[in-house]
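So that you can tell them apart, the chains are marked A, B, C and D in the order they are listed, and the count of residues begins at 1 in each.
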Amino acid sequence: MNLLRKNDLKMLVFSLVLFGVLQVLISERILSSFWQLNLVIIGINIMLAASLNLINGYTGQFSLGHAGFMAVGAYVGVVLTTNFGVAFPVALVAGAIAAGFLGFLIGLPTLRLRGDYLAIATLGMGEIIRIVIMNIQYVGGAAGFKGIPHHTTFAWVFFLMLFTLFFIKNFVNSAHGRACLAIRENEIAAESMGVNTTRYKVMAFTIGAAFAGLAGGLFAHSFYLITPASFTFMQTFNYLIMVVMGGLGSITGSIAGAFVVTFISAALASWPEFRMIIYAVALILLMFYRPQGLFGYMELTNMGFLRKIFKKGDEGNA
Amino acid sequence: MFNSKKLRLGLALLGTALISSVLAGCGGQADSNTIKVGANFEMTGNVANYGSATLDGLKLAIDEVNDAGGIDGKKIEIVTADNKSEASEAVNAATKLISDDKVSVIVGPAVTANVIAESQVATDNKIPIIAPDATSPDVTVENGQVKPFVFRSCFIDPQQGTVMAKFAAENLKAKTAVIYVDNSTDYSKSLGKVFKEKFEAAGGKVLAEEAFLAKDQDFKATLTNLKAANADVIFVPAYYEEVGKIVKQARELGITAPILGTDGWDDPKVADIAGADALNNTYFSTHYSDKDESVKPFVEAFKAKYGHMPNVFAALGYDAGKILVDAIKRAGSADPEKIQKALEETKDLKVGTGTITMDKDHNPIKQAVILENKNGDRVMVAKIMPE
Amino acid sequence: MRELLKTENVSMVFGGLKAVSDFNIRLGAGELVGLIGPNGAGKTTAFNMLTGVYQPTTGSITFDGKSILGKKPYQVTKAGIARTFQNIRLFSELTVLENVKIAFQSRVKYGLIESVLRIGRYFKEERAIEEEARRLLSIFHLEVLADETAKNLPYGAQRRLEIARALATKPKLLLLDEPAAGMNPQETKELMEMIRWIRKEFGLTILLIEHDMALVMGICERIYVLEYGEIIAEGTPKEIRENPEVIRAYLGGEG
Amino acid sequence: MELLQQVVQQLINGISLGSIYALIALGYTMIYGIIKLINFAHGDIYMVGAYIGFFAITQGGFSVVGALLISLVTTGLLGMLIERIAYKPLRRAPRISVLITAIGVSFFIEYTSMYFVSPTPRTFPQMFGDVAVSFAGIVINGQQMLILGITAVLMVLLTYIVQKTKTGKAMRAASFDTETAELMGINSDRIISITFGIGSALAAVAGVLVGIYYNSIDPLMGIMPGLKAFVAAVLGGIGILPGAVVGGLILGVVEALVSGFFSSTFRDAAAFAILILVLLVRPSGLFGKNTKEKV
């Protein structure tokens, strides 16, 4: 059995153990429901940060439309579960597919653009999605969609988060993933090496959007009511900060970034005025002293001091 | 460059850090000699001004009780949480107040959407909440059933909408009307619906319905259309920020018809934004008139504490505080379910803006007043008890 | 000798400026041809047209019997033309091994689902790519640097990696854009050896842009000379050295 | 009021709104032209300008012109300060980190102002309210005339500075290529700082004018107009001054027409739709030339 596959299994076992520990904490009420809710939100934010990282970090396409995809996944999901009584997992998948399809539609035309222009165009797309939703009275328009059944549990979030991380990790480690990395590094050289850059940029966009939609579905079903106001581009900045703080092009970075940013905003909840000021200053200092983020391109296990510990069980694997 | 080790260690780091910090996070058992009251308000975000004004009113009511020795020796402690003017954050804040701070009752939020989002968490945990400013009917009642733990300290839109529709048809003898609502709030949309229903029932005709969005600056384009319809009255059920601009720009465009509004108009800033003369020939329904003798003590107390006149949000926050204190006294304990029962039995209670009795739908039976803006002053034109 | 590449009155106009005009060249399979000319003569523009980066304003390009007009660069690469760049364009943050692995990307058969669920052909094909890439690196003495990130490589090694990477796409025609730029005479000699060797080893046709006359005269069988976007001379190194037009273009004499 | 009257009235509303977008867009175009940065904080500088104008008029008792000058100077200096502290050290940094810094600066300005001046909106005192000119049922009020007048004056002044003065020539040179400009003896840091100063000053004027026209300001008022001004700058051709003005006016008119004849709830969507259309069809904008990336 190939070493790579053995590692995946070890990973899976470890995650199950972690899940067991957290689930016990929750069911035994050791964790207050406020921190339970925050656990769910951290899980959802990790999915959003990792999927945004696939587009911005791994493929180097600077997208600011993530909240728009999340909104599509959320609204499609709640309409199916609340109005049509569709089963929760089916609604989540439908939401993800709808968001992915929109990612495809938006990806095709805009991916000819570069850097700043792509950022502003995707930001505009995200806002258009939000404004269109705000004008659809069927989903409650700006006043929001009420009566959403509370389907999201910690278990759903944890396993879908795990699925997202595995999907993206395996994708990045495959030839298709390498094509995206090549595009990030040098698009012209990638094209001259036989990489159909448009196809892979749109693929990254579609996958990223689909996972954002999935996270949107989970987000919507943890609150009784959702309004378009929770899907503005300011929300996308939140996920961007998680990715950049964690490190563009590092999955561990996105996990850490999502954890740190969510934790800070939960902890500072009682000083509303200072929360954003501290946030802003942290961002600027981060860009000065650590622009590549906490993990840069590194994954946790490639760090020097950890390499020795893992060297023995890990030679064959690059 | 990548291998699957990283995920295992990433999650290990995440798990351990999570467990340790979270265990530290819960605490704050209710110590015996204070009664903890949660205040879940919009402190940041785009409706921060409504949230903070309501909180000022609530604090005034609570300070009054605490200065007078609290309730049989126990002081009331307000624990505030910011819901950032957003529904999911309102749920987050409510959960924190209930599970971490162990409050017995929650006052707020101000805006309807946030109250509805919070009501689910409150009902699950059997913690009563009082919504000071949300006037939309489905805050307390959902498809026919009253929400047991959700109460309100202001009247509801149907009452306000009916009063204004009758006033337009009977007092102003208006035959035609146009309605201009704020598409981003339940409050405005449901008032528009009720007004249209009652105005047409009274024989009137609604010529046009237009909408704008909160935070809009320029209303000239749509107002030019409304001017073309030249109806007898224009009904604009919205908050003072947008209302001020709409009235000013309407008068600038030469629209002279009377403009009618609801309690969202009740703020001194409307006059600053629109200008006194633009406000002539406009009427609005609200909870009280600060000229009314019975309301004088509240207005004086507020001015003494904050140095400026209260607006309608502050008054309603104060009323919510009064209702809460009375209920805790009658319940004789900080137990949420006893307080809930006491709130249901509130009868002929003297509050800042009048007297209140809680009806079966947890909505207060209160009088509504209609004020007219005349040369910078606000004259009470009518005081109507709900029929 | 089978004709591999033919361009007929190809020209490229940038907003009124004729960068390249009636560019006609022929390359037989296995030939090693030079393309020389003063700076700004349009050499790199010609390369960009051959590889689909620019679409020529007029004329046709036939490669291996088929027209490649209108083809995107990645389709041209699949058709069998590989290139290096004047200023090295490596994937700097990726390792040397991964730089080469990118070339196999277009021939990978396992799909997205197989790569994500790690089933089916994923492991077999990945292992094949790994071996092939390492073999190529050893040919270019880069095997020991396999796990080094490309940006940390010395200049000479970066040049060799760029050529190795181009060869990984299994081309029929290799376009080298000033491979000897910035090299000292000793490195240039080694480069000449390597070019001769890979031509024989991989059965390649090579078109070479170069300013270093020692290199060009040393290994090219035929040379085209380009000036102001036009071909002013064509022939063996000896004929070119004595051609008055070329001397005028280079030395600027009255000629 | 037949259709023609309505259309003309909408055009007037649109042009006044458009002039404000143009003033902000000029700042965007100049700053982007020189250091290729979408300055997310530019919208917030516009807000700070509005507040400085507000305090100058209410507390300082200055006239409108006085307030405009004070706001223009102070905000201009603020713009230069921001560039000096936040952007200069990142001159060589990758584009994404400069962009994130701009987002950070934008949050910082918004929430520090909210802390000092409280979230509640402030109301500008009534000005030029009564003055109005109306013919055939179409109304142009005093504030609109003030806006059009001041915008025109500033355009002339700016064109003079950029075209005729030495600093202007240096700014144009730096916007083509900062490195080469430095070789020609231009101190690019000084020029970049001046550009930020002028751009911020223009945004400040726009802020004060909006305060007078809509007469209520709040700490978060800069976000949407900032974005819309960038749309205008891109529409006109980024880096081209007349382009920003024309782009701003077009955007203002389109918004007025969309709100007037369709529904104002789609007004912001229309602005973004224009942006995306322009980026796809003609990324260089109306006046820009198409530049191919050199291989």
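The criterion applied here is as follows: a contact is a pair of C-beta atoms (placed from the backbone, for glycine too) under 8 Å apart; a residue touches a chain by one contact, two chains touch by 3 or more.
A quick note: this is a predicted structure, and the numbers were derived from the prediction, not measured.
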Label of the chain whose CA centroid is most distant from the centroid of chain C: B
Of A-C and A-B, whichever chain pair has more C-beta contact pairs: A-B
Chain centre separation (chain A, chain C; CA means) in Å: 40
Geometric centre distance via CA averages, chain D-chain B, whole Å: 36
Distance between the centres, which are taken as Cα means, of chain C and chain B, whole angstrom: 72
Chain B: positions in contact with at least two other chains: 1, 44, 46, 183, 213
Residues of chain C engaged with two or more neighbouring chains: 53, 85, 94-95, 98
Interface hub residues of chain D, defined as touching at least two other chains: 111, 114, 263, 265, 295
Residue numbers on chain D that touch chain B, as the complex places them: 1, 6, 9-10, 13, 17, 111, 114, 119-121, 123, 126, 129, 132, 134, 137, 139, 141, 210, 214-216, 220, 224, 255-257, 259-260, 263-265
Residue numbers on chain D that touch chain A, as the complex places them: 32, 36, 38, 86, 89-90, 93-101, 103-108, 110-112, 114-115, 227, 230-231, 234, 263, 265-266, 268-269, 272-273, 275-276, 279-280, 283, 293, 295
Chain C to chain A touching residues, read off their complex: 51, 53, 72-74, 77-78, 82-83, 85, 89-95, 97-98, 101-106, 108, 110, 112, 115-118, 122-123, 125-126, 129-130, 147, 165, 168-169
Residues of chain A defined as touching chain B within the complex: 4, 7-8, 10-11, 14-15, 18, 21-22, 25, 30-35, 37-39, 41-42, 134-135, 141-144, 146-147, 150, 165-166, 169, 172-173, 219, 222-227, 229-230, 251-252, 255-256, 259, 263, 266, 269-270, 272-273, 275-276, 297, 299-302, 306, 310, 314, 317-318
Contacting residues of chain A [partner chain C, same complex]: 2, 4-5, 8, 166-167, 170-171, 173-179, 181-182, 185-186, 188-197, 203, 249, 297, 318
